[in-house]
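The next part holds the structures, each set out as structure tokens.
In what follows, chain A forms one complex with chain B and a second complex with chain C.
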Partner chain A sequence: MLSLGSGCLWLALGVALYGIGASLYGAGRGGRAWVDSGRRAVYATAGVVLVAFGVLEAAFLRSDFALSVVAGHSSTTTPTFYRATAVWSSQEGSLLLWVTLLGLWSSLMLFLTRRRAREVAPYAAAVLLGFAAFFLSLLVFLENPFDRAQTVVAEGAGLNPLLRHPSMMIHPPMLYSGYTLFAVPFAFAVGALITRRLDAEWIRLTRPFTLAAWLFLGIGVLLGARWSYTELGWGGYWAWDPVENASLMPWLIGTAFLHSVMIQEKRGMLKLWNVSLVLATGVLAILGTFLVRSGILNSIHAFGASTLGVPFLILICGLIAGSVWLVLSRASELRSENRLDSLLSREAVFLLNNLVLVGLCFVIFWGTFFPLISEAVTGSEASVGPPWFNRYIVPLSLVLVLLSGLGPVIAWRRATAANLRRNVARPAAVGVATAVVLVVAGVTGSVGALLMFSLTAFVIATVGQELWRGVRARRAMSSDSLPRALVSLVGRNRRRYGGYTVHVGVAVLFAGVAASSAFQHARDVELQVGQSAKVGGYDVTYLRPTGNLEAASNGRLEKIDLGAVMRIKRDGELVGDLRTKRSFFPSADPTLGPVSRFFEGEATSEVGLRAGLRRDVWSAISPNVRDLRKQVAEGDRVFEGAKALPAEQRELALAEALSGLTRSYAANPPPATFRLIVSPLVSWIWIGALIVFAGGLIALWPPLRRAPRPVAARYAARVARELNRA
Partner chain B sequence: MGRTIRHGIMGLVDPARKRKFRFVIALTCALLLASALIYTSFSASSEARSPSQLAAAAKPGQVYELTGKVEPGSISSRGTTHSFRVRDREGQVSVPVSYTGALPDPFRDGREIIVDVRKQGATFVGERDSLITKCPSKFTAEEKT
Partner chain C sequence: MLLVLVVLVVVVYVVSAPLRRGRVEAVEASESAERAGLEAAKEAKYGEIRDAELDHRMGKLSDEDWRAQDRALRAEAIEILHRLDDLGPE
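Right after this comes the complex of A and B.
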């Protein structure tokens, strides 16, 4: 099986290289047959890589420790769900996942365009295969997942406990899907530039993939934020960590691109800007992958120094140089067909929205790479923290939300004062009224948050107004019921109303971020059982300790849980109980005693969370295990003398001893330290995200084949009647 | 004066000049904002220092980003305040650190950490919520090399 996996990687690399040659030769002198052969090479590469991925996945599920990557990242005590996900917890496995997804998306795109874009597609295929060949070279020559272990161990190291979270199944594949999907519009943009086919055709062809990339990357980022929110010490849902930032940058530029292409399609403007944006998105997606793997920046996600930094750097430099050359050499053909008529127009609002999004990306880029910039300029490494990011991100986000309300209602080309009055007056009144109500209600602690709430109301009102007008017009034409008219309206203009839904989601998300950042209460306290602490208007009592020993499905000991049940009250009334615990996983260090290795390995906190629409109550425990040291040392000493026992008996005896330890902790608990947080409106971040993704899906959903429309028929009949009358 | 006004009006009327004027204004604004961003990034940053650099020269009150490894056996806690020593990644020099708040899950002896500190007397006091412990997680190429 190992030879099959390794052979697949070599074969895939060979096929990819052949495909590049065939596509380029076909696009030049070779003709259609070579182009088709190059396209089939993409399918073949994807198929062979998929087999390699399947082989690796099977090795993880079977706990085949003959593979060093399995021994290093999985174990027999790792639950099956996490054994499946452990594949991409390794450098090698995650690279293989990257190239597998790239192969699948590339194949889908080239299959769908097999009879279209005949000039552009061969170059796009060559670029996509170029990316695949790069990643396959890394896998074959530097990080081969099918390398055999020097000695086959009986038990693997196991998946890092910090990665044992349901998000591990979906967060990395979503991020990688986003990154790899962005390679598709990048490749077609390169193809369009090389062939000088710079109309909007390549944009139309790749739009579903750009939208899907944006959607998947967004889901990946949000899942990461949600995961981070439920971990102790990961800085809440967002910490401006380099790896978080790396995933946000291509998403922001991708968002700008999705807006500005509308101007190119509608008015033939911003061609140069659009190709620049899509090329930047592709480069940033690779930059994100590079940041995760190179270890050049200090990050909470620091995945260790690796040998991949230099090849990635060469790839990024090549991509930037090639992109700049292509854009500059085609600059004369990228001239706009029209000019901006007025600063009061939808084009101008979209342009401003683009500048804000690029500005956000620049701020994040600068802050992320500041340690390197500072070292290059001053000779000493320095970094900027969340306050610096917030100083720029907050005002830019406010402008962005304002524009997301204005964009849908302002007219194309030139908006008149009457147009603005008609479309903006009511939503603006709703925004101002919201601010007044909030001030009267005493929400005055943060001007930024107050502005964000007001702008959120403005955005919801503009979109509501647009929907209402659309539904009213439809009902006037078709006498449909209200829900039917709404569904019909959205169904016939999916891109438009999907976009509006996204705007509402973004505004709601930002309102959640503003509220939870500005009005959060957090405390670190040490409590004895029965003691209480006050935080954000809640009384939190350490009700009782919990202790538990868990075994894996194969009967081997997996972890020890020590935790607490917390009682939450507000104004004397019971709100509910929270359960929080810390899980201690055994260390693989053979020098440690059988009992102490459970307290010297990795530990993870499981947060107790009571989520609500108004506020979340969050708690995490750090149990005091110092007081158990004496018993742990005693246990080690006893088991040192029990070495002669058969392994099974020793395991049973160890289970009994550890159970006794957890019972002892629960019976005589020492004081424990807790982090307690009360955050308002956090749930609205996730609700906003769901609205955003619902909007993305509406926009992405392919249009239905249109049946004869009763409205059109009725309209035709009316026109005929009118004509007869005339 | 009159000529200036006439030129101004012509400039506003001629679409090409109007566009150029707008472009220059936009570019100036962008440059000003970028300059502010660059200036503040240098003034608001905290310098990264190793324990030996801090031990040799650290100004009281200034915030530094301390990076190093937790010295084995040095961790002690009283309530929510934790005391430990941070040692050079490669070397023996270490400095005492006092940190109040929740410690990240991966924090332990020998682990690589990053924390913003301020010198107070002989101790370096950690800023709230600034301590991050490198996750020894995913890609463990470091162990191979």
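Right after this comes the complex of A and C.
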């Protein structure tokens, strides 16, 4: 089976290269047979890669340690869910996942457009196959997942403990789906530029893929933030880490594109801008993969080595150079067909929104690559932290939320000042009233946060007003009931109302970020059992320690947990208990003693979290293992002298000794250090994100039926009839 | 190894099918692309007309502005339909 996997990678590479040649030859000579053959090469590449992926997945599920990648990233004691998902915890598996997803999306897109976009599609197929060939070359020549282990071990190393979290295992497929889906509009934009077919056709065809890319990437980013909050033990959800930033940048530019592309579709404007945005999104998606897999920048999320740096850099440079050349050489065809009618129009708001989103991306790009830039210029590596990012991101985010409220209430083409005043008055009053109420209630610590709450209320009010007026207009036409009119209104204008829902979600999310950043109470305290600390109005008491040795079903010693039960009270009233622990996983280093290796390997935090709509109470323990050192060293000495014992007896004795150690910790616990955090409105970040995704799904949902083509009618009547059908 | 050969045979069969059949579609590629472009423009124009109407009903456009916009947009839609019909039947 392993030779099948390896053979499939070679075969897929060959088919992809053939497909590039066939597509380009067919497009150049106008031979439909060659173009069709090239398109089928995309399907075949996807199919063959899927077989390879299936073989690797089966090897992980079977714990086939003949493969070094399985031995290095899984074990027989790894739970089945994590064994299935451990495939993409490895460099090789994650690259294979990338190319598998790319193959699936590319095939779907080219199947759907098999009778359309006849000039553009062959070039798009060639670009998509080019991406596939690049990743397949990495897999075949540098990171082959089917490389056999030099010695077959009886037990694997297991999954990286940090990744043993459900959201972290779903996070990579989501992120990679976003990245690979963005390759589709990128490829079609390149095809449109090459063939100079720069009308709205390629945009219309790729729109669902762009939206799906945006949605998947957004879900991936959110899952990463959630993992950071609940697994990393530092108490935050966003650290402006290079890998986090790398996933956010294409999402921001993709968001800008989704807005500005509407102007091109409606008015034939911003062609150059749109094509530049979509090309930038594609390049940033590759850059995101590069940062995760190359390890070029220090990141808690980077799980790759630096062997892939050079090929990725060559690809990125090629993509940038090619994109710039294509755009410049087609500048005359990319001229706008119309001009902006008025600064008081939705087009103008969208333009501003684009500038803010691109500004946000630029700030993040600069902050992310600053260590490399500073090293290149000064010779020493320096990095910028959250305060630097916040200095620019906070004001830009405020403007973005304001625009997301203004956009829905302003008409396309030209609005009058009187109309705008009438439409903005009530939502603005709601925003101001919110600010006044909050100030009266004593929420005065942060002007930025206060402004964000006020703007969030403004956005919710504008969208509420839009829905109400829309339903009223719908009922005037159809005399439907209120719910039916609402469903009908949204159903007929999915893109519009899906977008508005996204605006509400983004505003709610930003309100959660503002509140949890500005009004967070955090303390690092050392507590003895029975001692209490005060944080954010809560009394947190170290109630009792916990200690546990976890062994797998086959007796393999997995980890030692040292933790605590914390009692939370507010104004003397019991709120609840939190359980937090630190898990210590054994190091694979053979030079370490059998006991000490448990304290020298990976360690993960399990956070004690009481989440609520108003606030989260969060705790993480750092057990003091210094005081155990004497017992650990003693244990190592004893087991050094017990080498003659049979392995099974030795393992049993070790289990007993480690259990004794955890019991001893629980019986006589040393003081432990705790990070205690009380953060308001964190849950609204996740709720806001869910609203965003719901809005994305509404916008993505396909129309139920298409208007049939009329055979003959007078043109004006035909326009009216076709408008009524949709 | 045998399995790889089986996959190879399937791939060659699938990918070479259009070449073996020698199927060359009669549709003129450039005309098809022009039609697709016009269809996209038509859908976009219809979308604009609907948006303007909704904006008017919701009080974002005055009667006067909407009537002027609607007239212009419908004229543009008719122009697109003319151009589509000039291409002949699909």
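Here is the rule we go by: the second predicted complex is superposed on the first by the 682 of 726 C-alpha atoms of A that agree within 3 Å, B and C clash if a C-alpha of one lies under 4 Å from a C-alpha of the other, contacts with A are read in each partner's own complex, and residues count from 1 in each chain.
Going forward, a residue touches a chain if its C-beta (ideal position, glycine included) is under 8 Å from a C-beta of that chain, and two chains touch if they have at least 3 such contacts.
Values in this document were obtained by computation on a predicted structure and should not be read as measured data.
In the superposed model, A:G379 makes contact with neither chain B nor chain C. In the superposition on chain A, A:G442 makes contact with neither chain B nor chain C.
Contacts of A:S94 after superposition: chain B is touched, whereas chain C is not reached.
Residue contacts after overlaying the shared chain place A:N160 against chain B, while chain C stays out of touching range. Within the superposed three-chain model, A:G367 lies in touch with chain B and out of touch with chain C [touch as defined at top]. Shared-chain residue A:G530: touches no atom of chain B or chain C. Shared-chain residue A:R293: touches chain B; no touch with chain C. By the touch criterion defined above, A:R32 lies against chain C but remains apart from chain B after alignment on the C-alpha atoms of chain A.
The contact sets of chain A with chain B and with chain C never meet.
Taken in their complex, chain A has these residues touching chain C: 1, 3-4, 7-8, 11, 15, 18-19, 22, 30-34, 36-37, 40-41, 43-44, 47-48, 51, 116-120, 195, 197, 199-201, 203-204, 265-266, 409-416, 418-419, 422-423, 466, 469-470, 473, 476, 493, 496, 715-716, 718-719, 722-723, 726.
Put simply, chain C touches chain A in their complex at residues 1, 3-4, 7-8, 11, 14-19, 21-25, 27, 29-30, 32-33, 36-37, 39-41, 43-44, 46-52, 54-55, 57-62, 65, 69, 74, 77-78, 81-82.
By the touch criterion given at the top, residues 15, 19, 30, 33-34, 37-38, 40-42, 44-48, 65, 67, 77, 79-80, 100-108, 112, 114, 116, 129-143, 145 of chain B touch chain A in their complex. Against chain B, in their complex, chain A makes its touches with residues 72, 89-91, 94, 143, 160, 162-163, 231-235, 293, 295, 298-308, 339-340, 355, 359, 362-363, 366-367, 370-371, 373-374, 377-378, 380-385, 387-388, 391-392, 524-526, 582, 600, 602-605, 620, 622, 624, 626, 673, 675.
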